[in-house]
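First chain written, first letter: the chains are A, B, C, D, E and F, and each begins at residue 1.
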Amino acid sequence: MPHVQIHWFEGRTAEQKRELAEALTNEICRIGRCEPESVGIVFTDVDTSDWARAGKLFSDK
Amino acid sequence: MPHVQIHWFEGRTAEQKRELAEALTNEICRIGRCEPESVGIVFTDVDTSDWARAGKLFSDK
Amino acid sequence: MPHVQIHWFEGRTAEQKRELAEALTNEICRIGRCEPESVGIVFTDVDTSDWARAGKLFSDK
Amino acid sequence: MPHVQIHWFEGRTAEQKRELAEALTNEICRIGRCEPESVGIVFTDVDTSDWARAGKLFSDK
Amino acid sequence: MPHVQIHWFEGRTAEQKRELAEALTNEICRIGRCEPESVGIVFTDVDTSDWARAGKLFSDK
Amino acid sequence: MPHVQIHWFEGRTAEQKRELAEALTNEICRIGRCEPESVGIVFTDVDTSDWARAGKLFSDK
């Protein structure tokens, strides 16, 4: 039942998400010893104006 | 203070969210013994190309 | 694929979680038109000293 | 490493997010005794039709 | 309705959480123009062996 | 800035988390084209009595 939530900057392509979903699931099953069917992954694209580090919006960096 | 976050595929109507918000709040209060005013529910609609299971995006299934 | 995360105050029993998991899944499937097998629910128990409203920890109320 | 996720109603301006990112980071570092570079903040704007309290969608209130 | 989830390393005191809850709520209300009663804050303490950056667990740094 | 939250059943060892943190970071950087320093991963261990699927707690399955 691993449920993986990934927040990252918007701009990745469907192909990158496709490839990453497969790669992450393989590693989670290999190392975490679980079945692929049990692994859920949700991608959340975030605008750089909605993410801050060290008090500054990334859109302002 | 139950705070409920529901991630699900996009496509449900406002009417479904209205009905579900009421139904879930009733059950949480009945079983969890708390007041309706304390129950917050947030719906997050997710595109099938942003959700994967068993290493595959749902948009590819 | 509804994934439900419930944060609430600790203290509910396993029986309450058992009953609520069933009730919420029924309502989500009935209203949200999906299959029980697709519904995941995670309960997170939170201490009243880790939750604040209106600037005050619930443990101080 | 504080990671802060803020869900709130949509409608705040980039300027409000800019100002709040700075203010929250200052307080977290001052009180939580950590470095600004370690503080990440993500804003998630939520539509009033996706948020319910006491069984009612805020868009219906 | 701002709901704030803060994940940070465990080890902060109840007094730090008390002070931070008040300070963050003040800033969110001042800048985000909302009422204190609408602001919920949940602290989640995370062990350094459960948090990684740059591929390394903080407990190993 | 990818921030990854993994909820899974408790019971994995520190060594599994160490290995998985490295493997996931490598794949995210390779496919998502970002720097290791930007990738944060948080593991949350969940008891089987706090996770339900198809209306049943995993502790009851």
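The rule is simple: a contact is a pair of C-beta atoms (placed from the backbone, for glycine too) under 8 Å apart; a residue touches a chain by one contact, two chains touch by 3 or more.
Just so it is clear, the structure is predicted and the values come from calculations on it, not from any experiment.
Enquirer: Which other chains touch chain A while also touching chain E?
Expert: Output, common partners of chain A and chain E: B, C, D, F.
Enquirer: Working from the CA atoms, figure out how many degrees chain C turns to land on chain D, in steps of 5.
Expert: Superposing the C-alpha atoms of chain C on chain D needs a rotation of 180 degrees.
Enquirer: Please work out the Cα centroid separation of chain C and chain E, and write it as a whole number of Å.
Expert: 20
Enquirer: How many angstrom lie between the CA centroids of chain D and chain F, rounded to a whole number?
Expert: 24
Enquirer: Quick one: report the Å distance separating chain D from chain E, using the average Cα coordinate of each chain.
Expert: Spacing between the chain centres: roughly 11 Å.
Enquirer: Mind pulling the residue numbers of chain C that touch at least two other chains?
Expert: 1, 3, 7, 40, 42, 46, 51, 53
Enquirer: Take each protein chain as a node, join two nodes whenever their chains touch, and name the resulting shape: line, ring, star, complete or other.
Expert: other
Enquirer: Which two-chain combinations qualify as touching?
Expert: A-B, A-C, A-D, A-F, B-C, B-D, B-E, C-E, C-F, D-E, D-F, E-F
Enquirer: In the complex formed with chain D, which residues of chain B make contact?
Expert: For chain B paired with chain D, touching residues are 14, 17-18, 21-22, 25-26, 36-37, 39-45.
Enquirer: Taking the complex as given, what residues does chain E use to touch chain D?
Expert: Result: residues 1-9, 12, 16, 19-20, 23-24, 27-28, 30-34, 46, 51, 53, 58 of chain E touch chain D.
Enquirer: For the complex, which residues does chain A have touching chain C?
Expert: Residues of chain A touching chain C: 1, 3, 40, 42.
Enquirer: Contact residues on chain D for chain B in the complex?
Expert: Of all residues in chain D, those touching chain B are 7, 46, 49-57, 59-60.
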